[in-house]
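Note sheet for the following structure.
Labels run A, B, C and D following the written order; every chain starts at residue 1.
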Amino acid sequence: MGSPMALNLIKTGCDVTVWNRTKSKCDPLISMGAKYKPSPEEVTAACDVTFAMLADPESAMEVACGKHGAVSGMGPGKGYVDVSTVDGGTSKLISGHIKASGASFLEAPVSGSKKPAEDGQLIFLTAGDKSLYETVTPFLDIMGKSRFYLGEVGNGAAMKLIVNMIMGSMMATFSEGLLLSEKVGLDPNVLVEVVSKGAISAPMYALKGPSMVKSLYPTAFPLKHQQKDMRLALGLAESVSQPTPISAAANELYKVAKSHGLSDSDFSAVIEALKGKVQS
Amino acid sequence: MGSPMALNLIKTGCDVTVWNRTKSKCDPLISMGAKYKPSPEEVTAACDVTFAMLADPESAMEVACGKHGAVSGMGPGKGYVDVSTVDGGTSKLISGHIKASGASFLEAPVSGSKKPAEDGQLIFLTAGDKSLYETVTPFLDIMGKSRFYLGEVGNGAAMKLIVNMIMGSMMATFSEGLLLSEKVGLDPNVLVEVVSKGAISAPMYALKGPSMVKSLYPTAFPLKHQQKDMRLALGLAESVSQPTPISAAANELYKVAKSHGLSDSDFSAVIEALKGKVQS
Amino acid sequence: MGSPMALNLIKTGCDVTVWNRTKSKCDPLISMGAKYKPSPEEVTAACDVTFAMLADPESAMEVACGKHGAVSGMGPGKGYVDVSTVDGGTSKLISGHIKASGASFLEAPVSGSKKPAEDGQLIFLTAGDKSLYETVTPFLDIMGKSRFYLGEVGNGAAMKLIVNMIMGSMMATFSEGLLLSEKVGLDPNVLVEVVSKGAISAPMYALKGPSMVKSLYPTAFPLKHQQKDMRLALGLAESVSQPTPISAAANELYKVAKSHGLSDSDFSAVIEALKGKVQS
Amino acid sequence: MGSPMALNLIKTGCDVTVWNRTKSKCDPLISMGAKYKPSPEEVTAACDVTFAMLADPESAMEVACGKHGAVSGMGPGKGYVDVSTVDGGTSKLISGHIKASGASFLEAPVSGSKKPAEDGQLIFLTAGDKSLYETVTPFLDIMGKSRFYLGEVGNGAAMKLIVNMIMGSMMATFSEGLLLSEKVGLDPNVLVEVVSKGAISAPMYALKGPSMVKSLYPTAFPLKHQQKDMRLALGLAESVSQPTPISAAANELYKVAKSHGLSDSDFSAVIEALKGKVQS
């Protein structure tokens, strides 16, 4: 997802320097005018503000704090914006290292997947240094359509978990409705349409409903990641003694779906967990 | 809800005759040009097509089949459209009596409450005589923004139950998210806004979220009716052996809310069922 | 189940008159000394106290109130004890007819299946006329090991539903434990044994655990009847706004099991609802 | 719980050496004939086999591997039996240190609380060195009534979690039954008695039911520990993709009970989570 985000910055005339573990992935951006540096350290040394988009907490840690990592090139007056989705603990660790160099840190996980990234329609859930947030506002507005500043580091991660928790439960109950409509002789495609007209209409239903009716689950957000987020959200809820029975029940369905071998399908495949076995 | 629907018909120049158990409720419509008849029987005798909007199944039965009821004035060539929300069984009973007179019948429960009724933005979930559906299409399009024809009588009621089942679960998990965000130190109003920007955005959340954060539940759809619909939907699911664990868990929360004395509050008051007791 | 119960009465020297729709089923009892009458009416006319054991509410109604039914032979000074498992509504109907004849009525559903019936180890959950309860105490003590008098008619049925609700949830969570132990590499037979030694030991676990481990479910109590009882218990809970989230979740598993074609297996087959599909 | 266990060993004539962080707690045992050593290291140096009973994983680690800890006195030919309840990870860490000294290790968490400890009625769920298990069998049989050998270290902890998971769900559904019986006008004490006679009878119900009916929860096993065990069991289930919807629903009730301030009450206080709020 980093590529389309960088491309939007380049297109609007920003001075962009890029790096990727696999250099060839940078070539399209370089051909569009981006500069290239051979390590995170050299990127952060050359730039005022650096955006990091990594696949998982381990990579985010390595690129920030590893050998020739971003921290080595940071210092007072510079800023580091981590737009990866990582847990609050990892975010705090990275923040600690960056700030020890004298630089500023902003956690900024995004809500939205590949298509919104290309269209500059991401949502940024930021937390950390408020002044850095204000500095990067113009760039966030190029890459996204909305941005939120949520206070101390860790709050961005928490907000994203809560949104995904609600999303997971909504997908599960929508699945119940689709299957129930079919079982009682109604066309589930009509349910998708009826839902799209009223108070419970959500873009996700309109987007995924038609393929779910065909038992197709092209992966936009893998089911195993959705289940992991629900587990983390339930852990968060437990840490503050907040009951969440709906999400707990939904999490069980994602576990059932995983046990059916659907970990790498789209999370809408949770509907399979509600289908009866075919009897021999 | 019958008044604003009739008013929209009158405003567009339709020839409308009205009746209500309490005549004074008809006065504003009469002042706008509506004719008045003193019984359902006389309304149906005078009109080609009659729309009935009653509060509950018992009233719907009484007005259709009771003394001086609608059936007495029906006959071949006429049509009866029941836009009340009743269960499938009641709908079939009324249909049977109407059709025995030689007339046509259409079940047409609406999705949407007072405001959409006033704005001509209702959604009609119709089932029954297809030819009557085609006859009344112009009128449905005046009162609403969408209409669905779903086949045999009972299907409209079933579709509405399924939509309300999904709605009930969505409200319950949204409540979990609001409370969790507050417990971990995030502003729940920001969660409402974040949700409103993304894939899980639904008009209901934007409408009710802000008042839920203030623990206010002005009644648009009473909690006891939502719980009743969830019970009926669970019964429907059970009749076809469709598992619905999310809705079953949500139903329990509505029951908890009822036991807290919230039956007549808006169904968004289900959030109260997830709050801890204050300790003395 | 009526046969072994009657046999225990005969063996202890009681003067027993029998009737069954299929006369041949009475032959073994007749050969042991029982008298026979060709209709319920003639049985009740000849006896001071009549015990009725029928398979379902419809049969119980027919035998009590149908043509040549028990009511016709009843009158002041006589007693009718219905040991069938029927719902509270049916029980009240039968009671009304019996008492209108001047006779006494006792609802007395039994807890226990065929083996306890043979061994005189049933549990009677009685409600209705207290004086009749006292009259039949010696007979209940021959057929069973425990008896409870619960007040007004309907209470016996309610108590039985509640016991079966707890039983259904217990079986479901026991299933979770068996499968979890197996998945983490523990022998589920050892779990059965560990459970049998401690505070949560229940005869049901010891009895059914070993066959569940082998995926065998010889029917003692059909799964569909367990699911029906859970549905009725949930309805009872809803009628008094008592939340029962555990039983609601368990009910969903029994529905899943039914959708897997296990309606006529023993209710311990609910464990199948928690097993993943085998992937092809 | 260590005291009554040691006392039973002393009473049967075993040569027992004791240590406790608070020496005065050893005095009653010393007056009964036990020797005393001032550190775990000196205990293990002096004894062939050492039993360790600590309150939590941290203490178990400290006593085994801290300064002057048990490991320092261990060596070939000696055995260390940890009867504390710790998680599998801690158990494996301690095992590693003990075995590095050349000694043998046995994990042996107990099922049962203070009273069974005093009565020599504990259940040992052991795992680790089989030869050490065989060596200590006579001692386990003095302190307990049952013992299980479950294979590799970690299995004892896992078995205990699964048993406690089932226990937690059973207590939650029993609570549902008690409250439902009361709401429909049945005496919940009679439900306790009915349950005690049949297939679902469990010692836990007979022990705790009568006080639950009185809303009394004298602490035998704290609710927060039960909730922690359910969380760990759900984590274990999630790690092997085993759905456990009943336990997940039950866990939510324990969380509700915690939010009501009942963490330190007995876990039977989970029933409070199912009671409605009193309205002002």
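Just so we're on the same page, a residue touches a chain if its C-beta (ideal position, glycine included) is under 8 Å from a C-beta of that chain, and two chains touch if they have at least 3 such contacts.
These numbers were taken from a predicted model, which means no experiment stands behind them.
Q: Where chain A and chain D touch, do the two copies share over half of their residue numbers, giving same, or under half, giving different?
A: Since more than half of the residue numbers are used by both chains, the interface counts as same.
Q: What's the distance between the Cα centroids of chain A and chain B, rounded to whole Å?
A: Distance between chain centres, rounded to whole Å: 37 Å.
Q: Hey, how far is the Cα centre of chain B from the one of chain C, in Å?
A: Whole-Å distance between the two chain centres: 41.
Q: Taking each chain's centre as the mean position of its Cα atoms, how many Å separate chain A from chain C?
A: Here the centre of chain C sits 54 Å away from the centre of chain A.
Q: Spell out, as numbers or ranges, the residues of chain A touching 2 or more other chains.
A: 237, 241-245, 248-249, 252-253, 256, 259, 276
Q: Quick check of your reading of the touch definition: is the inter-chain graph here a line, ring, star, complete or other?
A: Graph shape here is complete: every pair of chains touches.
Q: Any idea which chain A residues touch chain C in the complex?
A: It comes out as residues 245, 249, 256, 259-261, 276-277, 279.
Q: Help me check something: in the complex, which residues belonging to chain D touch chain A?
A: 231, 237-238, 241-245, 248-249, 251-253, 255-256, 258-259
Q: Under the stated contact criterion, what part of chain A meets chain B in this complex?
A: Within the complex, chain A contacts chain B at residues 111-112, 123, 125, 145-146, 148, 150-151, 155, 158-159, 162-163, 165-167, 169-170, 172-174, 176-177, 179-181, 183-186, 190-191, 193-195, 197-204, 207, 233, 236-237, 240-250, 252-253, 274, 276.
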